[in-house]
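Read through the structures below before going on.
Each of the next two complexes has subunit A plus one other chain: subunit B in the first, subunit C in the second.
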Partner chain A sequence: MLEVKGLSVHYGPIHAVKGIDLRIDRGEIVALLGANGAGKTTALKAIVGLLPYAGEVWYESRRLPQGAAEKMARRGLVLVPEGRGILSRMSVEENLWMGAYVRRDRSAVVRDIAGMIERFPILRERRNAPAGLLSGGEQQMLAIARALLARPRLLVLDEPSLGLAPLMVERVFEIVSDLRRTGLTVLLVEQKARQALSVADRAYVIELGRVSAAGPAAELAHGSALADAFLGGER
Partner chain B sequence: MLLQQLINGLTLGAVYTLIALSFSLVMGILGVLNLAIAELFMLGGYCGLTLIIMGHSVWLAVPAAMAVSGVLAVVVERVAYRPLRDAPMIMPLLSTLAFSIIFQNVAVNVWGSDPLQLPDALADARLSLGTASIGIMQLAVIVVTVLLVVALGVIVQSTKLGRGLRAVAENREVARILGAPASRLTTAAFALSGSLAGAAGVLIGFHYAAITPYVGVDTGLKAIAVMVVGGSTRIWGVLIAGPLIGVAEVLSVVYGGSAIRDMVVYGLMILVLLLRPQGVLGGSSMPEGERV
Partner chain C sequence: MSTYAAGLSADIGIALLGGLSVYVILATGQLSLGNAAFMAVGAYLASALTVYAGLPLTAALMLAGLASGFLGVLVGFPALRLRGIYLAMATLGFGEMTRSFFLDFAPAGGAGGFRGMGPVSTAYIWAWSASLLVGVVLLERSRLWLEFRAVNDDERAADLIGLNTTAIKVGAFGLGAAIAGVAGGLFAYHQLYIEPGMFGFDRSIEMVLYVVLGGSTVAVGPLLGATLLVLLPEFLRFLADWRLAAFGALLILVLLFRRQGIIDRGMFRGLSRRKWATP
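Up next, the complex of A and B:
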């Protein structure tokens, strides 16, 4: 479904992503793991068209154009950004409407928003409140609900557990597991490697802008690649 | 006497409100002051007054001026802003200033530097309100301003376009990943902003019963003062600041003479900048951008 070949990204003189290859098949949950600063978010931003890059990104058998972030949601590739990207001055409901920005089926959107509020009851009573007043966990629910309203075929979650209380982290991973049951393909970028591997089918470990290990989640969970990536082992 | 001056101040304030909204729309999306707005306002005034002098109605003059200034605003966006989007902020500021000088030059060459006068029959027509009276043109200024502010409110708060504009204003990157076409929305913001400036230009022509090529500089700067006083966190602060500055200006002329008029207006602006930089309707602090 998504294939990344030789992705390379520079931030000025800094070579942040150094030729990584990734593949995600339909219906899979794939985790992209690595320590802070490994290049995970940079790679994601390049894939969704927010940063210029060298290399190729193929999605549903078509090569994605560079710098066309606003076209990705229409193609079914939706990113929930690091830090959640809530539009804090808009109400919760307006944020949900922004999730459906690319859709034209207004009555279906109204139905889907009602459904989403049913699915994430935490949003119901805050429906008309400015989204910036929600707690971190509530904002993460809103960010995921908003992304789902775009009817994605590939959902990219960038560090969804970042800055959340332990209970809320558990809830986020439960939601990711639930998404598997709906058949949605998910690319999950995380620093909480063990929890990410518990919900993923496969994973890539990124270290200093390169893929240092890749394989089935269960294998990576029991190998030493993770410890090396996060604690700086020998290569 | 006081009632009459209040009416005059509110009419002037209505025009300031429209131009301040025009500045705010672009400022909110891009964080850039489009200095060409002052002259889009002046050109709109010339287009509208020319049509009225030719015998057309206000209801044709205002939309025509809005269309002309809206299209010119898109030209400014394409030529003076878009190629410089990633340049330091001073660059688009200078390029829009250059456009403003060019527009002023065009007006001098097309209409001359003498004032273009509203026909006396229109300028002198008044409605009596007991001890005070209101000019038909002043009434038109207030009615048109109210209609345009309501229309803008509906567009910004209740339409998909408005949601997109507000999203781009708050977080351009997030708006893009949600599918909002940030570049097209930026052009739309320029067009809307230019249209408001064009309408305001016709209205200032009604208020003064004349227009000159130099009206943009004076009125445009006062509209920036209105924007500052209104607050940088929400554009709707200008709905209070516009009438406030208009009334303050008129009353200062009446009770202190025209020599102190600008001192009062700009003194008020400096006071707000020092004591309440987020403006009269702003929140507890002054976040960057996020005006729409």
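Up next, the complex of A and C:
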């Protein structure tokens, strides 16, 4: 479904991502793991058109153009960015409507919003509140709900557990696990490697801008690659 | 209605349009300090089309609005690269450039100004002002307005949702400029004489003040702001030389306690709420 070939990203003189290859098949949950500053978010931003890059990004057998972030949602590739990207001065309800912006089937959107607040009851309670007044966990629920309203075929979650209380982190991973049942394809970028591996089918470990390990989640969970990436193993 | 009251009422109608022109652009998070320039273009064009070409005023105002709107779109594109204070400075520069242009543009009368327009009734001015206010209020209830606010809130997030932020920002500039153009045409016909000095920096600031004072999150905010800013100096006349100082102090007080302006969207939320999705 998504294939990335030789992805390289520079921030000025800094070579942040150094030729990453990765592949995600339909219906899979794939985790992109790595310590802070490894280059995960940078790679993600490049894939969704927020950063210029060298290399190729193929999505549903078509090469994605660079710098076209606003077109990704229409193609079914929806990102929940690090920091959630909610529209903080707009109400929860307005955020949900904006999530379905790319859709034209208004009656189905109304149904889906109803379904979404059934799934995330906190959104019903706070529907008229400015989204910026929600707690971090509630904002993450809103961000995921909003992304799902676009009816994505590939959902990209960038560090969804960042800055959340432990209970909320568990809830977020439960939600990701639930997404598997719907058959949605998910690319999950996380620092919380163990929890991410518990919900993922496969994973890539990024270290200093390169893929240092890749494979089935169960294998990576028991290997040493993770500890090396996060704690610094021998090279 | 006395001539004095009719004059003030017409001033409010025109000021309202000036405020709305800033309001629409500000809704996307862009602060324009050059809307007097769009007003000048509308004023000169509507005047020339009626005085030289003999066009009916309504048609001339429509064309003036279109031309100003087109100019707004042209200004909107380079404005995409700028934010906050830098955008404000750039639009201010555009305003001064336009004023200087009309100062040197002999066919429009240059520094001597342009005359030949006939008087229009206050009712005619208000027909335009009320229609455009209703138009903006309806726009506020539309999906397009949600897009404006989303871009204002977080442009990057709006991008990721799938909004064409470039089109929205440039479009808002065009719409605001078109409203300012109509305001300019009406202003020319209300004053019967125009000169470049009438469309300087202070005029642009006044337009921003209507929005800041009245309310920047709801269209009736500029209406309240325009009304107050036109009437207050009149009502404060008993203070003689101190009236402008008192006016300034009042302005500061309002901004200290109501940063979003005297009225805000929250006051109207119950009226404009979209029906919730659940039965």
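Here is the rule we go by: the second predicted complex is superposed on the first by the 235 of 235 C-alpha atoms of A that agree within 3 Å, B and C clash if a C-alpha of one lies under 4 Å from a C-alpha of the other, contacts with A are read in each partner's own complex, and residues count from 1 in each chain.
Note that in this section contacts are C-beta pairs under 8 Å (C-beta built on N, C-alpha and C of every residue); 3 or more make two chains touch, one makes a residue touch a chain.
Computed from a prediction, not measured in an experiment: that's the story for all the values here.
**Student:** Put subunit B and subunit C onto subunit A via the superposition and say whether they clash or fit.
**Tutor:** After superposition on subunit A, which the two structures share, subunit B runs into subunit C.
**Student:** Does subunit B (first) or subunit C (second) touch A:Lys40, or do both, or does neither?
**Tutor:** Neither partner.
**Student:** If we overlay the two complexes on their shared chain A, which of subunit B and subunit C does A:Ile117 touch? Say first, second, both or neither.
**Tutor:** A:Ile117 sits against subunit C, while subunit B stays out of touch.
**Student:** If you count the residues of subunit A that each partner touches, which comes out higher, subunit B or subunit C?
**Tutor:** Partner with more touched residues of subunit A: C.
**Student:** Classify the contacts of A:Glu70 with the two partner chains as first (subunit B alone), second (subunit C alone), both, or neither.
**Tutor:** both
**Student:** Where does A:Glu93 make contact in the superposed view: on subunit B (first), on subunit C (second), on both, or on neither?
**Tutor:** second
**Student:** So, A:Arg126: does it touch subunit B (first), subunit C (second), both, or neither?
**Tutor:** neither
**Student:** Same subunit A residues contacting subunit B and subunit C, which ones?
**Tutor:** On subunit A, the overlap between the subunit B and subunit C contacts is residues 48, 50, 69-74, 78-79, 81, 85, 87-90, 94, 97-99, 101-102, 146, 150.
**Student:** Inside the complex, what are the residues of subunit C that reach subunit A?
**Tutor:** So the residues of subunit C touching subunit A come out as 143, 146-147, 149-150, 152-154, 156-165, 269, 273-274, 276-279.
**Student:** Provide the residue numbers of subunit A that touch subunit C in the complex, in ascending order.
**Tutor:** 48, 50, 69-74, 78-79, 81, 85-90, 93-94, 96-99, 101-102, 110-111, 113-114, 117-118, 124, 127-128, 146, 150
**Student:** Inside the complex, what are the residues of subunit A that reach subunit B?
**Tutor:** 48-50, 69-74, 78-79, 81, 85, 87-90, 94, 97-99, 101-102, 146, 150
**Student:** Mind pulling up the subunit B residues that touch subunit A in the complex?
**Tutor:** 160, 163-164, 166-167, 170-171, 173-182, 290
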